[in-house]
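Single-structure report; data block below.
A, B, C and D label the chains in the order they appear, each numbered from 1.
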Amino acid sequence: MKKEVPLLITAIFGSFMVIDYFVPHPSVSAVGETLQQWAIIVISFSYVLGVANIARVNGEKISKRSRDWPFAIPLLMGLAFMLGVGIFGGIGERTLFNDFFLYAYTPMSGTMFSLLAFFIASAAFRSFRVRTLEAGLLAVAAVIVMLGRVPVGAEIWDKLPGIADWINNVPQMAAKRAILIGAALGAISTGLKIILGLERNYLGGE
Amino acid sequence: MEKIDRRYIFLAILLLVLVPLLVPIGLPIRVSREVQSGYDAVAEIPDGSTAYFAADYDPATMPELHPMALAALDQLFSKNCKVIGACLWPAGPPLLEDALRRIGEERYGKKYGVDFVNLGYKPGNEVAMVSVGRSIRATFPTDFYGTPVESLEVMRGAASLTDMAILVNISAGYPGTKEWVQQVQSRYHVTMVAGCTAVSTPEYYPYFQSGQLSGLIGGMAGAAEYEKLVGKLGTATRGMDAQSLGHLAIIAFIVLGNVLYFATKKKAP
Amino acid sequence: MLPAPFLNTMAALLTIAIFSFLYKDNPFYKFAEYLFVGIAAGYIVALEYHNVIVPNLWRPLVGGDLNLLVPFVLGVLLFSRFTSGFGWLSRWAIGLMVGTFSGLAIIGFAQGDLVAQVQANMLPLKTETLLGTFSNWVIFIGLLSSLVYFFFSKEHKGALGASAKLGIWFLMVSFGASYGFTVMSRFSLLIGRLLFLLVDWPASFGLHWLH
Amino acid sequence: MQSAKPIVLLAVFLLLPACVHVLTVGAQEAAPAPTAQAEGQVRWFDLNRLNIALVVAVFFILVLVFIRQAGKGASFFIRKIAGLDAIEEAIGRATEMGKPVLYVPGIDDVNNIQTIYSMVILGNVAKLVARYETPLIVPVCRAFVVPLAEETVKQGYLDSGHPEAYNPNNIRYLSDEQFAFTAGVDGIMLREKPAANLFLGSFFAESLVLAETGFSTGAIQIAGTANIHQLPFFVVACDYTLIGEEFFAATAYLSKEAKLVGTLKGSDWMKIFLIVALVVGAVLETFGVTAFTRWFTVQ
């Protein structure tokens, strides 16, 4: 029951997704559609699980008074607030939920990522080292693309945007295609092994 | 070199980005092939046809992607196209709503439910994509507001993705352009134009070269080019001067860092 | 709907709180960081409730589609992970998700990447223009040599070694391009936040000081 | 000769397009054009997708054949992967300096296959570390990864006969939030100054911050990820980087587990097939023959 049932479920759902693609028969499509609708619902529960986990971890943080525990209070309050106004007040335009999404969630998330502009500058100065020929090629391509993709490139040399376009569309594209093909082989063989039950690490230990 | 306080670097970056925003230089913008083909692909669909607008992004990437979403919607609504918008990123629907209302309702006077709709969010990534390809109604029984989709005029004749003239995808990563190509474009052969973050752009060049993507709009620079083509200059165009200076700063830091590194290394032994 | 000046000021203060991390880690940053996690978590559950649980599960279920009891039960079983004795029950739902994604991945990668990309690379090695011919050769050699780099069952020596070496050079050029594009993304985000502080925030008070 | 089978398959792989093409074109010419009535009939196989079915089938067979051979005891060669050999060297150096080893398994949850593979590598690293009796610090970003990492490391110490050296306090759950986690790992690097940093798993925007801090502390850094967009930052700031598939090969390389090695071998053979097909396709295209290319069209 502990391993066999989940492996069987995996095999059924996995192989059906494959068969569904090759077999246009309506009876198969109907089953495929149902299974996909089921999957969407189960996946939505997994998000709720993730949130429940965050609440649990931070609740414990407060009760155990571990490091930074006072900050867990705004976290839980933010969670409860968004959940409350979202479920009872609706989520559309002109709701509190939408206000807090656009004026709290949005600026914080955007600013977190914009910090990376600063970090990338510091990393460029302190840890981008051209120690090998390979790193040199990387650096040259990076510089050409950085200049060629923005207006200043053409001001420096009017051929730069063209060269950057060529690099992107030709050598860089070829290497990325090799990575795509390699990754596709990896994903397909992993998928096969999962469906056949040869790969079962995802089920965790006993 | 490790002794240099990072904060001086941070300060330099802040100034370099801030100054051109306050005092614009107005460097001319040149349209690249990838963006031009994207614009052309949208221009070629029949006026008044229906487009599927997959807004798969969230606030973290808004400065790059929102301008291109606005520009693409502008081009679609200017052709009187109907737009069916939906999100596979949970934080997407309010952004899509903002874009649809701003361009559709305010700029072109289009009506919600008649000319455009926001179907909201569905989890499931690839599963949801394949499912939309099969039947929009089964995947999105209601729109963002909970209205059953059968009651919306815009959904008439729009049963699945194959009924769409074009698939426009604005993508911040997973799930996004790559998965739409793999699961939907290859399966149903819809014309697809992708706008994505600069980070993921290089990965999608193979799809553009192979013709799976009819256009590729990469990052804020791509958005600025699109704004130029549509003829409505917005925040992306406004940011291009600062963007240029930022890139120059990074190049200067790489060069300076290496010069100092190798100079001190030679001295050491 | 709260007044715009209030909302914009809240957004601006939160933005500044996060930027303050650049000076050093401090309680304002920590507060914003934790609040962000909380708001994001609350947001997603409320959204799942309105956009999935109600339309895709609850309404059809009360409408008589009892099939949907299966995903409902499996979804609830996920929460058995929090118990010590019944954690294994959650594997049923995990099996469903992993199986579905594996199956779709096989198809997606096969049709979108493997076959389509191989086909797209079958380019004529002689075209009407010199640049076209040159580019096609570069694409041809670039793909083959990069693929050779990912060979694991032969030592990279001799011709194979030379080819793998060429492959790594192509890979490095592509990483360089990725680096350049990433720099572009990061700066765009910073520009976006600064434009908010400089333009949108004052505009919410009716102050249009920047052109 | 164990490689005879793949060669036969290769021949089939290359000849089939021609045969199928002749057959289907012939059939289409013989049969009347599909009418509405014909379309209404149910079909059990979509002939348009035969090409994909064949490519996938050939690959499946290759993988399964080699897994089976490996299961029977056949051993396959894996080329040297410098970054992986460097792991032992880095651990040795950390031991000499009396400093810990840091292992970051990425920031993704257990549903990402890279996290799972990272755990396999972690098990091998734990074995090595236990032998040298060097502390191993593992910061974790997802609550569900914690028990997995704990068990993996404990098992590694057990396998190398030093269960007493296992310290559960070194598996540290820092935060689910990306940048809070990053700041936490930075703190560990600056305070405890590990001599070897191993970044192996699924990384995102935090990669450059981690690699930069590690570079500034002078640690030997080995990174590996299949998230292509983060590779540039590892390449410029780390001593060794495992690129994409090399990362997945790492588990086979270190664990020598039969099914993993067999998969690798099958995938190599598939690459040979594809390379041959690419060359044939390009040559035919050059001479204006497009039938081969068209056979690969996804419909």
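Just so it is clear, contacts are C-beta pairs under 8 Å (C-beta built on N, C-alpha and C of every residue); 3 or more make two chains touch, one makes a residue touch a chain.
Predicted model only: the values in this text are computed from it and were never measured.
Most remote chain with respect to chain D, judged by CA-atom centres, is B.
Interface comparison, A-D against B-C: more C-beta pairs in contact at B-C. Averaged Cα coordinates give chain A a centre that lies 16 Å from the centre of chain B. Measuring from the averaged C-alpha position of chain B to that of chain C gives a distance of 13 Å.
Look at where the CA atoms of chain B average out and do the same for chain D: the two points lie 29 Å apart. Annotation for chain B: residues touching 2 or more other chains are 2, 10, 13, 17, 60-63, 90-91, 93, 122-123, 125, 127, 130, 144, 186-187, 198-199, 202-203, 206, 209, 218-219, 221, 243, 246-247, 250. Among the residues of chain C, those touching two or more other chains are numbered 22, 33, 36-37, 40, 43-44, 47-48, 50, 52, 56, 81, 94, 97-98, 100, 104-107, 109-114, 116-121, 140, 143, 147, 150, 171-172, 174-184, 187, 189-190, 192-193. Shared interface positions of chain D, i.e. residues touching 2 or more other chains, are given as 49, 52, 56, 111, 144, 176, 179, 216, 228-229, 232-233, 235-236, 244-245, 271, 274, 298. Interface of chain C with chain B (complex): residues 22-23, 40, 43-44, 47-48, 50-52, 54-56, 59-60, 100-101, 104-105, 107-109, 111-113, 116-117, 119-120, 174, 177-178, 180-185, 187-195, 198, 210-211. Contact residues of chain B toward chain D in the complex are 2, 186, 189, 199-200, 202-203. Contact residues of chain B toward chain A in the complex are 1-2, 4, 6, 9-10, 12-14, 17, 27-30, 32-33, 58-63, 90-91, 93-94, 97-98, 101, 122-125, 127-128, 130-131, 134-135, 138-139, 144-145, 187, 198, 202-203, 205-206, 208-209, 218-219, 221, 240-241, 243-251, 253-254, 256-258, 261. Residues of chain C touching chain A in their complex: 1-2, 7-8, 10-12, 14-15, 18-19, 21-22, 30-50, 52-53, 56-57, 67-68, 70-72, 74-76, 78-79, 81-82, 88, 91-100, 102-107, 109-111, 113-114, 117-118, 120-121, 135, 138-143, 146-147, 149-150, 167-184, 186-187, 189-190, 192-193, 196. Residues 21-26, 53-54, 57, 112-113, 115-116, 119-120, 122-123, 126-130, 134-135, 138-139, 142, 176, 179, 181-183, 185-186, 188-190, 192-193, 198-199, 201-202, 204-205 of chain A are the ones touching chain D in the complex.
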